[in-house]
Each structure stands twice: as C-alpha cells, then as structure tokens.
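Below: one structure in structure tokens.
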C-alpha cells in the first residue's frame, strides 16, 4: 500500500480566494492511502518545496499529490523536489485546481467541491503510479540547418563557431535567400549584398560548415539527439570539383528564354545558370526542363565550350544520409500570389509590380541594371504609387489575416530611395496604418515624409485601371474625406508575405506543428520562441512569423545557442512515459505497429514463459528511445497488452472512477 | 419507492484533454478567466489517441452524464497523426451508441488548440447546457440494457 | 439536354432579342431551354435585408419548379441571375430564411436550395464547352474587336455568384474568341454602369457609362456585348461620351452560328419591338404576383403602374 | 413606434447582418465605390456612423438613394464587413418607417422613354418604395 | 461430396503432405456436427460434411499452427475471409496449412426447423430443394432455403479467398441471389432512439455471459481477453465485474470492428439467440459509408479502417448531424 502525501497550494489568493483550501486538505486526508495532507501559501516556493521534502522523509511517503496550478507550469518543479527527497519523480501527480478550477469558478462551494474531486482523482491515479526510470540516448554532435538564407547562414555560423559541425541544405543553386535579392536594407540603407556576401563567403569557407545547395531534405527519422536525415542532392549536371566558375557556358547557352527566378521573372536566363553573380557556390546548374540537350538530345554547347570539362549530362541525383543531433528550420518566405487581387491590375499591367520586383529593378545587378523604369515601355516613371497591405490583414480568404510587418518600412525605404535618386518622380503611398515599431524606424519613416517629400495618403486603394499608357489609381483620402483619382506611371504593391510553401512538407517530416497560416509553431510564444514543440527542432527566421533582417539575425543566433546547448550534452535523458507491451498478452497482430507515428514498434519472435508453457511467440517490442508516448498503440491493441507508462489504462480508469463517484 | 429529488440536477462531465493543445487551451481559458461550469472535470491524456473507448464507456457506467474528448486540430497533432485515429474511433463509437438508442448528445469531440481558450470555454458551456437539456444519464449506465 | 429556363420580365418584351436568340442558339448547340410555367417577376433587385422573405418567394417558386422537374435552372438576364442565385444560396445556407420561406410556400416537400442555377454563359462554358461552340460557328465574326461588359451583378459577391474571377473575369472573352472575334480587355468591364439608379440619377449614371465607354474605347474596342438588358439600355441612353454599339451576347452568338444574317445596329436591336413595352400589366414590383405573360395589351404601362401604386 | 438612435442602430445591424466592429477603417469600400462623389456620407462612414449610433444623419443622407447595389464594396472589403448591406438597411428604414417613398407612381410617366426596360421600373420600386 | 473430401484427406495424410486433418465430425444428434482433428485415415470414418457444418474452422488453425507438422483444413468460402484476416494478423501459419476450399450451398439453422413444429428429430438428409427429416413421429419435409441461417440468406459470395485446392466449388463462383445484409441495421437506424433502446434492452437482457460468442469468433482470438486480465482493472475489484458485464458486447464489437468479416458465428452459436451480428454489421456499414467499402479478410495486406485515416475523414459530429431522429 502506498503512503501518499497531499499538498494544497493557496497560490496567494489565486486559489485560496475561491477554493476553501482547508476543506480540500480535510477531504484529501480521508482518502485511502493518504497519510499526510497540508496546505501552504506557495507550494512552488523554496519553503513550500521544503515542506514537501520534509513530509516525504518524516512520513515515509511513497507518492505525492500537489493541488496547485497547471502541471504544465510546475510539474517539473515538484518532481525535482520529490527526487531530492529520495522518491522517484514520477510518483508525483498534480491536481490542477487553479487554471481548471479557482480561476474559472466564482462560487466557493462549487469550486471547493470540484477541487476536492480533482484531488481525489489525482490521489487515485498516484496510488497506481509506479517508479519510472528515464533512459538515456546519445547526442550526435552535428546540426542540420534547412534553408540557406540569412537566417540559416547566421544560425550555421554561430553553431560552427561554437565548434560543432553544421550542414546547410538549400533548395536553390546558391545560398543567400531573399536577402540576396534585396537592393538596400532599412533603416540604415546599407547595400544588402555588401553585408550579406561576406557572411555567405564566411559560411562557405568555415571548416565546420558543409553546404548542400540544389538539395532537399527527403526523409527524416529518429528523434532529438539522433535524427537520421536523407538529403537529396539534385543532379547539377556540372561537376563541382572541376568547374572554375568562368561563366562561358552561360554566355554560349542557346536556350535563354526561361523566366529568371532570381529577378522575379522580370527577365530571362539561360538553361545553364548561376542565379546571381555572387552565388555560392559559383557553380552553375543545368535546368533540365529548359535545356535543349535534355529536351531533344541535341545541342551540347555548354559541354563543348567548357574548358574544364565540368559538364556532366549523365549526373544523377544523389542521396546523402547523415545523422544530426538537432535540426533548425530556416525555410523563409515568399510573397503571396496576387491572382485574387486583380482590382490592382497586377496580372494585366506590367507596370503594376510587387515590392520585391521593385527591389530587383532598383538593384544594379537587376534586369534594368538599376535604372528605375517601367517594364512596359522602359521609360522612366514620372510618378509612382505604392499601395500598402495588399493581401495582409485580410479577414477574407483572399489574403492573410496577419500583418506582414516589414512592408511599412521597406515602402518608406523605396519611397525615400526613389525621391533621393530621382527627385523628379512624385511618390505617393496609400496606407491604412503606418506601423514602425523598431529602433530608428519611425524616425526613418518621418524622414521619408518630411525630408524627401513622400506623399502619404490614408486610405486603401479601390482599383488600379490601365488608361492609355498610364495607370489610373482610384482611392479616397480618408483624412480629407475626398475622392482621389490619380494618374500615375507605376504602381508598387506591398504584397503580403507567407511562409515558403515547402514548409508544410518539411514540418510533416519533422513532426513539427504549423499554424493555420503555415508558420511553424513555437513551443511557447513568449518563453520558448525559437523552439518547436517537437524536441530537437528549432526555428530561425520568417518560417516562424514575419520579421525583418535584424530580428531574423537575432532569432538565428538564439536558435544557434539552443542547438549548441543541446549538442554540448553527451547524453539526453529520455521521457519514461512510453508505451510498453506485456509479452504474455501480446497476440502479435501488428495493429499497434500500424498506428505508431515514430516506427517505434517492431515485432520479434521471442520465447516466452506463459505460466509454465514455454513457446516462441511473435510479440511487439517498443523502442523506448523512439517512442514519444502518444498512446495510439494502446487503443489499437485489442488485448490490452500495450499500455502507456505514466498514463496507464488503470490509472486513467481510476481517475474516471474518482470523478464519476 | 423513489424519494422525489428536490436538488437541482448537477451533471457529471468528464473531459479528456490532450496534453499539448486542449489541456493548454483549458489552461488558457483559466488564465483568461473564461468561466464554464464546475461540472466539467478534466483528465489529462498525452494525446486524443490515448483515449480508449473503454474509458468513455466506463465513465458512463460509473454515472457520468456526458463525456467530451478534446484534441489538437486535425493536422496539428503533436504526434502528427494521433487525432486522425481518435477521430475514426470516436466516430464509430458515437455511431454505435446512437444505434443502441442512447442519446448521442452525451458524447462529443472538439478540436481545441492551445490558443483557443475562448473556444474551450464556449465548448464547455455549450456541452454542459446540452447535458442539462438531456437530463440525467439513465440509459448509458448499463449498455447491456438489462431490464430490472 | 433540357434545361428549365427563367426568362424574366424584360426578356418577354424589351429584350425579346436576348431571349429569342438564346433559344435559337441553344437548339443549334444541342440543348433546349424550356420555359418554366407561370413564372413571376424576380423583383430585379436582390433583397439584402435579413427580414425580407416575401420578396424572395417568386425566385423560390421558380427554383422549386426546376427542382420538381429535376433540372438545372438557366437564366440570361444578369439581374434575374443575381436574384435567383442569391436567393438559392439563402435557401441552402440560411436556416432562418429557409424555414420562413417554406412556411409561406407550403410546398409538398420543403425547398432547400437543391436546384443548380446556371447562367446561359455558364452552360456554354461548363456544359457545352467553348470549343464545341467554336466548332458550330459557321459565320465567325472575324476582325471584330469586342469588349465584354460584365457589369456588377454577374460577378459580385463572388462568394455566392461563383461566376468568374470578380476582378479579372474571362468567360465573355472566351466566348468572344469562340465566335471568332477578338476580345478587348479593358479595366472597367466589371465596374457598375449605374443601371439601377438610371431612372432618377441621370447624371451619375451618365458619368459611370462614360467611364466604361471611354475605358473600352481606350483599349480599342469597336463594340460592347452584355448579357444584361438594363446595362444595354443604360449604356446606350446615358452619358455624353462617344458611343460604342452595344449588343446582347446571344445576338452575336446567333449571328456566328448562322441563325441571323448580321447583327443589327443598336437602334434596330431593340427599337422595333417597342410595342411590347406593354406587358407592364404583368410587371410587379413586389415580385409576388402572377404574371400574365403571353398577351399584354399595348400601351397600358402607366396605368399599370398607377394601379400598383394605389395598391401599395 | 419611436426608437432611440441606439435602438435604430441595433435594428440596422440586425436586418443587415453586419458586424460593424469588424471594420479596420481602411477605406477600401469608399475607394471602390463608383457613386462615392455623389454621396454626402460615404460607404466607410456608414460603418462608423452605425457603430456610433449616428442614425439620424444616415436617415437624412442622400447617399442611400445613390448606392448602386453593385457590391464592389462588399467584394473588395478585406474584413468582410459588407457596407452595401448597411446602406440597404438604412434605406429600408427610411421607406418603411416614414412611408418616405423616394419614387411615387405619379412620377413615373415623365421618366419613361421608349427603350426603358421593365426591370428598371421593377428595381426602382423595389429600391425606392415600399 | 463428403466422400470426395474424405478420400482426398486420406491421400494427403498418406502421402505425408499433412499429419492431421481439421474437419467436422458427427455429433451426438443428427444435426450437430462439431469441429475435430483427425490424425489418421481411420479416424476419418467419423468425418461429416453437410448443411449443419456451419462452424468456421479458421480459428482452430491458430492452435493447429503451433503443433508439429502440417494441417489440412476444410474451409467454406466465407471461412476463408476469416483465415485471410488471421494471416494478416500473423495469427495463423499459412505455410503449415493445406487448405481445401469446399463448396457450400448454405448452412442450416436447426432452430428454424424446430420452430416450425418439427419435434423428435433423429436425422436429416437433403433431397434436392427439400430436407428429409426423420423424426420419432415419422418422416417430415422442410424446404432447404427456409432452414438457412440468416448469414446464408445474405451470402457474401461463393469464392474462396485463399486455398490450395477446391472441391465442390469453382474459382470465381457467384453466390445466388443475395439479400441486403444491412436490412435489419437500416430498420433499426430508422427507429426512434427509444425503440432502438427497447430493442437492444430486450435482446441483450437475454445474455447469460457464457462467452460462446467470444469463443467462436475468429476475430476474438486474443491469447487473453481484456475482460480476463487486470489491465483495465482498478482497485475495486467488485465493481469491475459490473463494468465487464454491462459493457461486454459493445466493447467486444468495438474490438473486432474493422477486423470482423461478418462470418456470423457469434449469432449462430449464441444459445440465447441474440442477434449479435447486428452490432458488428453496424460497424461494417458505418465503415463502408464513412471510409469507403471495406471487407475484412479480402486480402492480407491492406490497412484496416481503424489503423488508417485520411485528412478528410468525417468528424464524429456526423453522427448527430445525420441522425435527425430524436
């Protein structure tokens, strides 16, 4: 028979104001097995914990129940207290009488009665608890970073600088990400390439960093400390060890009609290409879908002109399998498709562009060599209109419900740069709200207005219509309450950003959760913002939520520290609340194996001794390092052979019985 | 001879909540002070897929008037797929209970995320109201339906 | 294939061409428009208020008629299509309206939005296929540059109408291509011409029509086509800017299919049957009175209106 | 029956089914409205006027007769507020409560012309009178 | 037919293909043959195969598979679904089993004959469409079709799903005209909850917890039933019995949901005549409607409905939404 101690917390007045704590103690003391019951102001305090430890020792307690706040808050605190007093930490149960009771009920009678029942359920459960031993698992001292943008690069650099191996997997032919497409960065107006390129070079040169470009994560198995990952290195058709990066192949390639992704389709590229001049690695890839050689079998120009003999049409995709202790997701973002916003004529007029397209137009390496011009007739504009919140803050299905956060600032940046470089261009910004929280951000925006004469009009635009070779912008000025009908030369849409669509696939592989907008969910919105709820998975950059470059870099560093903290350990303590099969009851039917999301259950032929009968049976075997303790198998098992430690059938039934009594 | 009950009907309601979403949602309802009746008692399970139909039947057999199972939204399961299995199991179980002629309003599944404190509270309020309208559970207590 | 067909009041007199050419073209394309019996005016304006039931009943009757015959319901006039489609959506999705409407109508079985409402153009696109239409064209309208005028009622609100992309529709352009002409895309093709208020707000309607005409002319259209009698009237009669000819979609379809020799000038298109304005006796602003369709005596329009006025 | 402005505002919300609190005051409804310049109170203001129970001004506004019911505001609103429904509700309140028909049969003959389609009269009566 | 089976069994025993035969042997009455092992050609003298050999022998193969040497088993078409399902669940050893698929004209329900007032039965033989019944009161006749078990009136098919050879049957044989096996389920569904409750109360009240259904059911093949182990036990042993007793049939039906082949053994063996198959069929019907047609035992590798899912599965609320009758 267990000797149970019950500890009821007042939580100041949080609990005590609505629950008659003394009555809970009194009722608990009468429960079978309870040999000690007391209450205290703050059980989680050092003094409170001391009370628990003393009672355990004095009364020889074998299990304890703490009636307090949510176990999500202090279960660990009390488990540690129990352990310090010499009993197994899993002999602790929490009755949640704060979040689930005192905070939501007003009537003291009702709340007290409920608190007593919750305490009884916890007592009934703890009576059936058994000491559980945590196992250990190894930590592979290597990290994987998925995505080679500024978030991924920074995370990799910080992990590598701490002395651990890091691999970056990047889907496109070069690392660099969105930031490499930007012209200048707010609020300081540094050239984006000037600050990014050195980081790219540093990452490439770092002895601890391996970069897999033109590669994708194909399969992930394992768990925190020991993930096994298959990386598909897509065939580049160019031998990286031979290519000198001279670029002749790209010049001579006869297939030049493919939309240039890096320039957002504003111009075209050759079928063999590097996305941009500073690409790392500076080795081109052949886009086989658009290559004449691959489509027709004829051509082979690139191979002929390559002096290094690096072109390899026979190259195959390659699978690299590697083990990692931690994985960082840094898959970044893209702008949303604008096909649902045709009132702004994006799909009909080439002079209506997105802000990211404008970045490319403004960039000296872009399709117009940095000259501001209209894409329809290549004439310089005399006036430009910027429209904010296109697709952001939309409650309807056309757009995104959230604020994309970066648009207000980059629009101010664009407006300022244009007014600075082309003072003759009239710039008007239609806004709903200007949101500029951040150091020197509002000052930046005000400069655009006050020093550069950018015309900010409050009011969302209703329609952009082509009229002759102009664009007619139809809106209202909400401050003046009057109609605006403005003819302009170019319209720039501050398009909402969304997580890279690939993230769904990756999240599924990693069993990391994502929200309704496809952003990865953090473990705690405030206190664990760079960790996924799935152990060993960390988040860096916009894949977690909209953010600008400084925030991304900060988060990348934070994720790196969390990874380093994990990799610094030699072993991890595993959760002992895992499934366990009773070999004497197991039919060997495989039902449990089919529902296990972790592949933690295998079957083996084992000799069992069933009350004297020795025979070889096919029985389930749970790998406790892989099992995460969901319990799906326990219900699939018809015979009840499979049970979950810490949440056993008998324990849950005991809670049910106590509540229904 | 039955003594006439003067006491107001106080239903017994068991809510199974998965640890990652719904239990956290219930915590959020608590920290947001979103009230729901004290008749609801929550049992924490790691995942909605841990809930064996036997637990639910046991609750009814022991006098529960309503049982509700809350889990992560489909697609958001902490264990990736647990709630999909739970969804099938509960669909079939509820349909069977209905087939046996017991009020199917006494069972419910609701997907509540950790962020949906409001939904948790409204769901519980609705569910308690529903159980009030159905009254005390008589039929579900003994599914063998044995006549006296 | 036989479809139940709801012509609506205007197609029975002022817009007889729209109606007649639609039926002729339908037969040529292998489907039949069978007019539902004893239909009533739809009221021409969708009653948006949640407490209006009586004004939705004529649409429900038409919908139920099609349901009983187990057919889809085809419309042509944009206003009728808008009203009937939206009422159908209410009957399907708004419990309060469904219950109350059924309480009024006391049908054999309650109507719950079962009928599928199709616009004539949707039949061409989704059932016949524009490629099949193209194959039947004997007299392609080659060289004609035609602007599609969608107006507002076919497209919006897009959630319910589900007709086409509300901001960049293509169905009429595809239709124009099918009959061998060249579509001209212009930005104001989905902006309202102000037809509804053209009775009393001449100036406003005029401005809006000018905007549409100018926009279409700017992009090089030689003529406009529409499915809406009200738009056609307003585009022709309001505004001050230079006018492009306006035709009904079915008129050009019939022409391309070789059913009539050539499309008439705008004057001819509707002018010759001015007499049929008569059917005002059947016109009913409340949309709940029986219409006496086939023979309405000529010239009783004002009288009919007065009568209704008195009754109201 | 006399109602306070607050009650009238509630009634407008009820018969229109519009939740005025969803508005984020971006002005896209007004920016989209083809009749904007003819209106004294603009579509986006209808939302805030109802929210603030300034119903008297709305009942006297000429805007209610100018709305084209083209649903551009409904289609383009990013918050799904449906200003057109509010305008319709105010219009109904006028023609129902004051008997304030905006069109009388007596006016009709002089407004007619040869080509005028039936549906224009039908819709005018539907919109302007009860 | 019986002779051909015996002859072939003797051959297989003699040539060493198998060391034992699992079949049916004559019971103490003329209409109650029972499953039996035959270890030598001589023992086969007691072998019988007639319309009363309803017993599904698949389940016995779990035990037989553990014995030394190969076993010959005779399976009727519907029994092979059960056997396949047991292969899927790794419960039987296909390699050690020699299956003769036997033709089946339908199996008979003695109670239907007795209920028709025929008493003192000594033996029954078949003559064309009629049964000739020798009773102590003389010979009686009874139409074969009227004596069929319910399950045979809605026969799943005459095709064997797994076999080594066929006797008295052809590959791909069609079943005769079939009734709608869900007819009674649908009838129950159409009742009010009160009527349904009354129906089940009446039926399940007859249960004497003899476990015949559990013992006969090929899906109920756990080494140890949950009701016999302490896995779902809580501290108070006395109450456990009531839980078991009160929830037994529902839990049993749930445990075999998605695995039950609808072989009908549960109802056939129930001494109280409870239509237990109606519980299983409800699950089968729901599974078919919610997740697409599924027949347990049709193959050995597909995922069972309860160990599978799709993202778009119906929500449990579908039960209340479609219900309507309350």
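Each chain carries a letter (A, B, C, D and E) given by its place in the written order, and its residues are counted from 1.
Keep this in mind: a contact is a pair of C-beta atoms (placed from the backbone, for glycine too) under 8 Å apart; a residue touches a chain by one contact, two chains touch by 3 or more.
Just so it is clear, the model here is predicted, and its values are computed rather than measured.
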| item | value |
| --- | --- |
| Chain E reached from chain A - shortest hop count over touching chains | 1 |
| Taking each chain's C-alpha mean as its centre, the one farthest from chain E | D |
| CA centroid of chain B to CA centroid of chain C, Å | 52 |
| Length of the line joining the C-alpha centres of chain D and chain E, rounded to whole Å | 71 |
| Gap in Å, rounded to a whole number, between the CA centres of chain D and chain A | 46 |
| Residue list for chain D, restricted to those that touch at least two other chains | 72 |
| In chain C, residues with contacts to at least two other chains | 167, 191 |
| Residues of chain B engaged with two or more neighbouring chains | 53-54, 58, 62, 81, 85, 89 |
| Chain-to-chain touches, reported pairwise for every pair that qualifies | A-B, A-C, A-D, A-E, B-E, C-D |
| Residue numbers on chain A that touch chain D, as the complex places them | 343, 389, 393-396, 398-399, 432, 458-463, 474-476, 478, 481, 483-484 |
| Sites on chain A touched by chain E in the complex | 124, 127-128, 582, 584-591, 594-595, 603, 610, 615, 618, 636, 638-641, 643, 649-650, 653-654, 657 |
| Interface residues, chain A side, partner chain C - complex | 339-343, 345, 347-348, 463-468, 472 |
| For the chain A and chain B complex, residues of the former touching the latter | 70-72, 96, 98-101, 103-107, 110-111, 113-114, 117-118, 121, 508, 511, 513-515, 521, 533-534, 577, 595, 597, 628-632, 634-636, 644, 647, 649, 652-653, 655-657, 659-661 |
| Residues of chain D that touch chain A when the two form their complex | 22, 24-33, 36-37, 42, 44-45, 72, 76-80 |
